[in-house]
Structure formats: structure tokens, C-alpha cells
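Below: a set of structures, written as C-alpha cells.
There are two complexes below, and they share chain A, which is joined by chain B in the first and by chain C in the second.
Our next item is the complex of A and B:
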């Protein structure tokens, strides 16, 4: 596997990951506010893609048109793929979810499954069961060459647009009045109500924003792949949900991190022929890093004597494990150190040595691996990730903290 | 009259009829139905619809144990069905040139599905309800995709063909008895014979489950569903009771899967899509979670009624399928919002479905009170 391959596969993984992230944000925001898995969210994404394709086909977009006209058509498609999902998200919340608020957890989930089926079958009724295909545009096949590596322009556009949208969302949640209302509602709905926040409006707004992001995701997917099937939303939705759980559901940066990790894992998984042993090494490395960065430090924190427990001391102990090359080594070399810190530093250095060994082995295997595309097991990767994360760490990588942490 | 009043009256009326009337009535209808076919009044195609409906009755009875009794949503239930079906297909088809005895295969199919249920249940049952649903969904999809991809073992998407008909006795005994008269019933190969075989299995399952429901373990399941914390403090081992319900329901699905494989001769991964799991969930929701007559009714209504309507309307299969699923989706949403206890509700569920969590209620009242107090303060 050469550098070219590594770069192109990484960009592919980033692109897919960003699309997952756009959908995952909808899951995670709704979960943050309502503690509810909006199972129908994947279908909203499909509808976004279909509406975009329908708009493009109706306007008869093709390369014969002037650049300005093509841009106009694309703009119309974007607007349609945002507005229609927004309306659907709003209506679905109003009709199928709001009457069920406060019931046992599985009741709204059942309703969401019903809604998802209704949406999927409605897509078939309206647009037919054949995949919708848009005409190939110069834009969708264009690519640029950087240092001998060919990159699709559209992949870059997807990455940039998604990043901008996520920055916008962060701003919205963190700095605006409605964002503040969202955070308050997710923390404590009753308290928020007492402070004069219209929680119904806030929840509806959350659904609308999530649906808009999913709609844009649908638009980007149909531009990138050129076609979309009516049941695509099921798989995309589940993968995005996996991403949301992986990063810690309810946690907005977590959704993005989880989506990128999932996108990368999937893309590398299907395009690198590592062999069984190498996947073992990679899994061992991931586990090793998890143990060093998360598991052991958390247990070590409990060893601190009550009278020595200060935030600063806790941070030091965590840093010894998390930033071992600097903090751990510095602690070991220092003339006088605290016993717990010193023991931890030795421990951390030993763990780090093991992880470095695994990383070197994995890197060597990666460089020697062949490139081949085998998508048979692609969906399985996401499902296995989902099961493993829910079994062993349901709170995800970054923790299940709510929007407050943005 | 408001809608809630109508439903209230209907449920009051249905509650007055003793349960045994439903059971006996249903069984009589089920037994008479194939006789109509033998008399030539009903086409054999309807018998096939009957067999499939009965298999779905069995599946919904099984799912009802986890979903209705224990309150755990399982969205990958069809995977256990697949385990049973594939075990049967591998042990009784030309694929590996095996033809194990019917009873051994059926029991083994159920056992393998139970092992699968145990393996998946053990690490996941401590999860919260909604997460558990998603994990089981992922499990179901993994099973299906694995079946599709393990070409050497399962023939992949083509499926396994030529599954042998079940023989209730050994080959030697069959030869000595001959193949005419009542002995013909020992080889199950006609729709009528399949129908009665499945009917017996369904009846046995239903009796078994209704006994379990009123036993110690059934009460434990209900207690866990209503309030896990209270149940655990009353001395119920939550993990063991939950695991038992998952394993048992998996076993029933495996059993049904085995019968399905024998009946249909051919099985392929397409029979085990996520949509099938949703259909079974829909049956349980429609009939009434935790209510055995309800679940049976739900399965029959959702499996047989669409076929009747399709015949009457003369619609094309693919087009009809879209409407059928659309209506299933609408049924789930409408039932969950307006009548969460189902058509023939279980008494316990009926109370529970309409009740808002008392702790939540208390909180709301408290906050309203606080609000009023605050307003008074402002006026002063």
C-alpha cells in the first residue's frame, strides 16, 4: 500500500464519515433533548436525497446549460432538500412523537419504527421502487491532482461543506438564544419550562435542524454517488446511529468523532487486504490505547487519598497516562515525585511501550498490505462496531454528556 | 362520543367474555378450516396462507414473551427464526446429504436458536430498553449478512433447496406400515398435513406459554417490566429472569423456523429481512402486548387478512406489498398513540398503558404548584 493509496482511502473515509456525521447529529441532538432514538431519521435523509434528485430532474439539469444555470439548479435542489425534510421532521414530531412524551422508553421507539416504514413505503409510492439516478455533471466527475494523487472535487466539497455546517451548528447551540434553550431543555425539561422556555417549540426546532442536516446529507450523497435507493436510509441511518453511540450519544462533537472513526474503519476495512492476523493487531492496538487512555487512569483516580485529592493532582495523574511521552517520562526523571505518580508513570511507560510495539507492527503490515475492494462485509463492520460499543461502553468514546459540553 | 370512550366500551365488552371462549372458538375454527378444503369449498392456496399464518402466530407468541411479558423490545427476532430454519436445512437436505430424524432436527433447531439467544442475551441484557432494541436489530442484520456471505456453508443468496419432508417415524417402520391409509400422515408432505402439524405445535406452544405466564417466572417477568428496581428489591434476579425469557423466546422462534424450513422446501436469506422482524413486532403491538389471545389474533389479522384483501382486489403482488407495509407502519403508530394495550388487551397491560409514570406525575404537579406560588409572589 503506497502513500497514494493511503491518501485516497483516507479522503474516501473522511467523505463517508462526514456524511454519517451530518445524519448522526440529528440522532444525537434529539437524543440529547428527549432521550429518544428517532428511528425514522434515516428515512428523512433518503427523502432529502430523493427531493434533490427530483428537483434536478425536473429542472432538466445537464452540462449543456451555462455554469450559472447549473449553479441555479443545484441551489434549488439544496433548498428543496432542506425545506422538505424540515417540514417532515416538524410534522412527524408533532403527530407521532409528541403525544407519546413521558411514556416508557420503548413506546416512542415503536412509533418511530412505524413512521420509518410509512416513510419508506411512501417513497416507493411517490417515486417508484427503482433507484433514482441523476444525470452525470461535469462537477460530479471532476477531480484535481495534488502531488500525483487524484482527488474528486466533490469529496473535498462534501468535507468542507460538512465542516462548515458543523461549525455553524456549534455556534447555534453554544451562542444563540435558541441554542441555550436547547441546552436547558436537555438538562432539565421542567426547570427549563419554569424559566419560561417553550420546550415544545425548542424540541420542534431540534427536529427541524436535525432533519435539515440529514436532508443536506441526502443531497450530497446523491451528488457523490449519482443514485439512491429507497431503502438506503435504513443502512445510513443505522450507521449514523452507530456513529452517534460510538462518540457518546447526546454529545455533538462526539457524533462527529464517532462518524469519522466509523467512516475510516469502514473504508479501510473494505479496501485494504490486511489478512486476519493484522486485524487482530489493529484490534489489540485499539484496545491497548483504550486501556491506557481511559480505563486505567479512571481506576487510578480512585487510589488518590482523600486528603491529597485536588483537581490539579487528578489532572496530573490523568496526564501521566494520556500524555505519557511527555508527562510520564518527566515524572520518572524528576528528582522527587509523589509515590502514586511515580508508580503510575512507570506503569504508563510500560503500557506505552506495548502500544508502540503494536503500532509499529500494524504500520508495517499496513504498508505491505494489498489494495482490494471487497464490499461484501461492509455493512457488517458498522453493525459489529455498534454491538461491541453498546456491550462494552454504552456511553461512547467521549462520554454521554449532553450538549452542555460543546 | 370521543374516541377514547369508544375504545373504552369495546375493551369493557371484550373483557366480559371469558378467555376460554376465545381459546375453544379459535381452536374449533382452526381445526375445521382444512376440512373445508378437503370438501372442495376452499382452494389449497388458502391452506398455504393458513400454514404461514400459524407460523407467524408461533413467532408472535415467542416474541410476546420478551416484548409483552418482560418488556424488552427485540428488533432482530427473525434471526432466531433463521437459526432454526438453517439448522433444519443443513441437517435435512441434499446440501450435506443428511436426513436426520424429524424430532431430532426440530429439537436441535430450537436448541441452537436458544444457544444463540443465550450468547447474545448474556452481554446485552443489562442495557436500557431502547439500546437493547438497537443491539438486537444489529444482531439480526449481522446474522442475515453472515448467512448471505458464507457461500460454502449456506449457498449464499441462492439459499438451500430441496429440504426433505418430515417423517414422524423411522424409515424401517414406514416401510412396514406401507404408504396408504392413515400411515400416509406419517410423512408430512401435503399442505393439509403441514397445517395440522403446525397447528398442533402452535397449540402446544400457546398452552405452554399461558401456563408460564401465570407461574412464578411469569410473575417475575411482569414485575421486571413494570418496575425493575422494585422487582429486584423483591428478590427477583433480574439478569436470570430476563435471560430465561430471551432464551425461551429464541427457542420458540427456532422451533417455528424449523417448521418453516420443512414446509417451504427452500430457504434463502431473503426470508429473514429486518422487515420480517418488524412485521412480528407489529403483530404483537396490534394484538396486545402480553396478551396471548391478542397476539394470536394480531398475527392472523396481519398475515391472513392482507391475502384475503389482495385476492378480493386482484392486485399485483409487488404493488400490494407496498400498501401492506404502509398500512403496517400506520397501524403501529396509531395503535401506540391511541390504544397501546392492543386489540385484546392483557388486564395488567391495560392499566399500565394508560398510566403516566407516577413519579413523573408527581414532579409535574409539583412544578405546577411551584409556578402558581411564584405567580402569587409576583402579585404581592
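Our next item is the complex of A and C:
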């Protein structure tokens, strides 16, 4: 395995992950505010891609044009692929979801599935069932060579643009008035309304922003892959939704982290040797041990009344979590009257079982260091990693924390 | 009152059902009688031939084309004379919806109908569940469109096909790659039965000749192949054989070109031989030089095609549908076997199918009597076909053109 190989796989994984992230943000924002999964979101992404392709084809973009003209065409495509999904996001919310708000949760969900089918069929009606393709531009096939390693310019652009958009979104939610309104609506819709927040407007805004991001995702995909099929949104939507859950649904940075983990797993899983992958398991193990021995005892101690938090008690709790065999077993067997200590001991044993599992996995991988997993297992690997992560952290990597308190 | 009325109704229904049943039975009996004492000269005897196809389901156009082809064949060969008796074929057309479960039901119905042979079914997946039923009841089955190598894995002597086994293309691709001087070859499939079968055969053929291979896979519907491209780049092959379909093949080719692997020979089976492929690769420049094989001789090389297509268009008012001529030949071959056997005993017909040599629309062919490498029992053996002269195409100027 050469450095060249690892770099190209990493760039590939990051690119895929960033595209998942752009879509995942829409899922997670809507969930954060409404506790509702907008299954039509994947189709919004497809429409973004189709609109971009349609704009480029209508303008007849090709490399014969001057650089300025090409840039103009691309700009027009970006604008179109943002505006149209924005309008669709707004309309869908207004027509299919708002009238159902306050009903049982399953009802808007069904409505979302219906909208998704309608949108997919509409794409076929408007653009036909053949995949849409755009001519290859110099930009989309250009690559730079750094230290003998070939990297596609467009991959770098996708990574940078997505990162900037995500930073912008974080700023929007955290530090602006409308962001504050979003967080308030997410926390308690009725209370937010009483405080004078127009929740309808806020929710519409959430849909519009999510759809715009998905639209840009569609634009980047059509530029990067050169073609898009009417049903692409299904798979992308499914993966982005998975990424959102993986990172902690409702959590904006979580969606990005989840998407990157998913994208990297998909590419790394089947294109680097097990010996290399094992280091990731080792990193997971180290992180697990750190969390168990330092983070959790510290958090637990915060829940204990001041007067009981004696240095001796702290030491006891720490020992239980460090699973010093003697202390752990003693606490388990002694049936201490202190409920927290016994519960913690059991917790610690469970955590340790997980760590041992990771250690065994890492050991097996190191033994088979030169083996590479067959690409046939690509979708399975992503699923297994997802399950393992959700087993250790049911609320996702960064937790389900919807949004911070206003 | 209510009870009494119900009872009367029930009794009446019972009488009607019984009466109908009696009529039905007599009807059947009369027909069987006709079959057994049809030895007298000059009498017309009806024989039943089953058509198991999929008129509904995912491939209705294929199903309709198969039925059309067979009906044309009935017009041409459906009435024949044997030992002084004139026989007339009556088709029993049943729809298996291209579903395995439905296919088993259809096969059983065919057996109950007492057909002397079956043309069909349409798809490999559905055929798999019908084959054992026909084999057990000793009814010969000839398909005109089942191309999957998995179809006759058990090697039963009741299954025959007039279309080429996909495996032929697998071997042809491997042979072609070696002709082009490839010493390291990547095989890539899309995890579907068709693609995996093709890639398996190609891989076996290449490895037998000492060519180094690497197997890669994707999923149908995948867009990103960065993992596979990186693996291919590391392996450094001379050629890649992609056995899936054109949407993924085009994207794979595009991403390989973008990763600087444009010089690697890109080949595939009939799954990639589509005009769509060029658009999927991102333009003519990327598609240039892609090689593809095809699972049948081109129409202009099929001796009876011109006449067949003229008749087809005249009868149905549309262009010849997929595999219609293979189904036409399937029916023709069945009748030829019956004539050769000189009897309507299915055991004798099966016996005759092993040796029959038939001159059809698609060419002169016989059926393989034993499995041999990629060839399964009952596969069509086309006169003069070798892995090296399976039709070859190359993309030139954005179109597939025949390689001479």
C-alpha cells in the first residue's frame, strides 16, 4: 500500500462523505425543529442536480467558451440549483406538512413518503427516465499533482465548499436571530410562540435552508460524476439519513461527523489492508478507555451531593471505572449499600466488555494485516460499523442533543 | 326461514357444480379418446404445446415478443403430418409474471394440461423453479431467452435453449483480453446474477491461462467508485472486464480516466453495449476504445432474419421484439424433434432433442448433450461459434461498431 493509494482513497472518502453531509444537514435540521423525518429530502437533492444539469445543457456550456462564460454558466447553474429546491422545500412544507402539524407523528411521515414518490415521478415526467448527463468540462476532469500524487480539483472544491457551507450553517444557527428562533422552536414550540416567535416562518426557513444545501449537493454531484438518474435521491437520501442518525439526529455537527464516518467507511473498508484499518479500531479502543476512565467518572461525580463527594468516595468511583480487578469485583460482590457504586461497577464491566471486543477485533485484524476486504462487502461493512457505533452510543456519535439551550 | 333458504341454495349450487363437473369430465374424456384412436389416416389430431412466458411483470415487452415469435412459428410449423396423421398444435399460453413462485405453479399447470413440450420461460430467475418440475414429469422445455449460466446447473436432460448462454461471452471476453496482450486483468461485476456469472467464467478462463486477476464489485445504482478505482490503480492492470450494465460501467470508466487510468483497456459484455454508455462516460473522448461482446450473431448474419422480420412486421405492425426469432426457432426445433422421434411420447422427444440439428432463423444449431466448462447441458451449439468469433464491438466516434 503506497501513500498514493491511501491519499486517493482518503480524498475519495472525504468527497463522498461531504456530499452525504450536505444532504444529511437537511434531515437533521428538520428533525431538530419538528421531530419529523422528511423522507422527501433525497428527491429535493435529485431535483437540484437535474436543474443544474438542465441549466448547463440549456446554456450549452462547453470548453470552447471563454473561461468567463463557463464561470457564468456554472454560476447560473448554482443559482438555479439553489433557488428551485428552495421553492420546492417551501411548497412541500406548506402543502404537505403544515396542514398535518400536530397530528400523530406517523401521518406527516406518510405524507413525506407520498411527496417523495410524487417528486420522483415528476422528475420522470419533466426530464424523462433516462439518466441526465452533462458534457465533461476541463474543470471537472482537471487534476493537480502534489508530490507525485494525482488529486482531482473538483474533489478538493467539494470538500472546501461543503466545509464552508457547514461552518456558515453553524454560524447561522448559533449566532443569528433566526437561528435563535430555530433553537427556541426546537426546544418548545408553544413557548416559543408565546415569546413572539413566528414558528411557522421559522419552520419554513428551516426547510428552505435544508433544501438549498441539498440543491448544492445535487449540483456538486452532477459536476463530479457527470450524470444523475431520477432515483438517485433514494440511495443518497437513505445514506444521508443514516449519516444523520450515526452522528446523532438533530445535531448539526453530528450530521457532518456521521456523514464523514460513513463516507470514509465505505471507501476505506474495501480499499485499504486490514493492518491499516486496525489502527482505527485501536484509536476507538483508546478513546473508549479514555471515556471510561476519565470522562464518565467525572460526569458521575457531578451528580453526587457535595457533602458525599469525599476524596475517598471519588477514589472508589474512579477505581470502579478503572476496573482495577480487585475493586470492580469487590464492589460487585460486596453488595454495597451504595447503589451508585454497584450500578457503576456493572456499567464499567459492560464498557470493558466492549473494549475487549474492540481489542480482539484489532488483534484479529493485525494478524491478517495483508488481507483486504472484498468490495462485494462494501455496503455490509458500512452497516456493521454503523451497528457497532450505535451499540456503544445509541444516541449517535455526538449525541442526540437537539440544539443548545437558547 | 333463513336457514331453509340457505340450505336450498346450497343444495342447488351443489347440483349445478356436480353437473358442470360431469360435463367437464365428459369433455376431457372425449378429447383423450380423440388422441388415442387418432391413428386413422386423414384425421386431424390436436396436440398441446405450452408457452410459459411473462406477459405481465417487469418485462411485458419481452414476453409479448416471445409470444409473437411462437405464434408465427405455429403458423409455419404448427400443422404437420406424421405416419399419415395430420397433427395440429394448440398453444397453451400461461403467464408466470417472471416470478419464481408463479413459475412453479405455471409449470405444474402445464403438466396437468398434458402438453408434449413447453417453450419458455422468459427469464432465468423464473425458469429455475420450473426446471425441476418439467424434469420430474419428463416434459421437454426449450427457452428462447434464458441466457443465465445458472439456468441448467443441475444438467437435466429436459432443459434446452436457443439463445446463447451468457457464459459464452465470459469466455469470449477473456480470450479477447488475452489476444490484446493483457497479462493482468481486473474483473468487476455488479453483484447481480448475470454479471457475477459472466465474471466468474472470464476469471476462470484467464486464471487457467496464467493471467493474474483481481476481482472487484459494485452495487447496481452506485455512483462512486473511488474505492474500486484506487484498488485497480494499485493493481496496475492492462485491462478491466466490467460485466455489469452500462450505467455503472460508464461511471467506472469516467472515474478511471479521471484517475489517470485511461490507458487500461475497458471491456464488457452485452450489458454495456448500449448507446447510453457513451453519455455515461462523460463524452466521446472517454468512451473511445471501449470493447464489448454480444450474446448472439448480429441480425444481418442470421440467415433467416430478413424473411422473419418482414413477416413479423407484416403480422404485428411493429419491429421485431427482443428474442422473438429465438423463440420462433425454439418452437421450430421442438416440432423438428417430434418429427424425428416419430411419436408424441415425451421421452422419445427428449431423446430426439439430443441429436436434432435444426436450421432456423438464427442459424444452424444443435443442443449440447453434456456440460463442458462454461457450456451447460442443453445449451445451443451454434455451428462454427468459438470464443474468438463471438461478435465484438468497439466504440469509435461515439458509437459501437463491429470489429472485423
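Everything that follows uses one rule, which is that the second predicted complex is superposed on the first by the 279 of 406 C-alpha atoms of A that agree within 3 Å, B and C clash if a C-alpha of one lies under 4 Å from a C-alpha of the other, contacts with A are read in each partner's own complex, and residues count from 1 in each chain.
The rule is short, and it goes like this: a contact is a pair of C-beta atoms (placed from the backbone, for glycine too) under 8 Å apart; a residue touches a chain by one contact, two chains touch by 3 or more.
Remember, predicted model here, so these are calculated numbers, not experimental data.
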Contacts of A:339 with chain B and chain C, given as first, second, both or neither: neither
Touched partner set for A:68, first chain B, second chain C, both or neither: neither
Chain B versus chain C as contact partner of A:141, first or second or both or neither: second
Which of chain B and chain C A:376 touches, first, second, both or neither: both
Touched partner set for A:116, first chain B, second chain C, both or neither: first
Touched partner set for A:133, first chain B, second chain C, both or neither: second
Which superposed partner A:391 touches (first chain B, second chain C, both, neither): first
Partner chain(s) touched by A:125 [first = chain B, second = chain C, both, neither]: first
Interface residues of chain A shared between complexes with chain B and chain C: 376, 379
For the chain B and chain A complex, residues of the former touching the latter: 71, 73, 75, 123-124, 127-131, 133-135, 137-139, 141-142, 145-146, 149, 274-275, 278, 281-282, 285, 318, 322-323, 325-326, 328-333, 336-337, 340, 356-357, 360, 363-364, 367, 370-371, 374
Chain B-facing residues of chain A, complex: 36-37, 95-96, 99-100, 102-111, 113-122, 124-125, 129, 190, 193-194, 234, 238, 241, 245, 376-377, 379-380, 383-384, 386-387, 390-391, 394
Chain A residues touching chain C - in the complex, by the definition given at the top: 1-2, 4-5, 8-9, 11-13, 15-16, 130-131, 133, 135-136, 140-141, 143, 150, 152, 221, 225-227, 229, 231-232, 235, 266-271, 372, 374-376, 378-379
Residue ranges of chain C touching chain A (in the complex, touch as defined): 191, 215-219, 221, 223-224, 226-231, 233-234, 247, 250-251, 254-255, 257-260, 276, 279-280, 282-283, 285-286
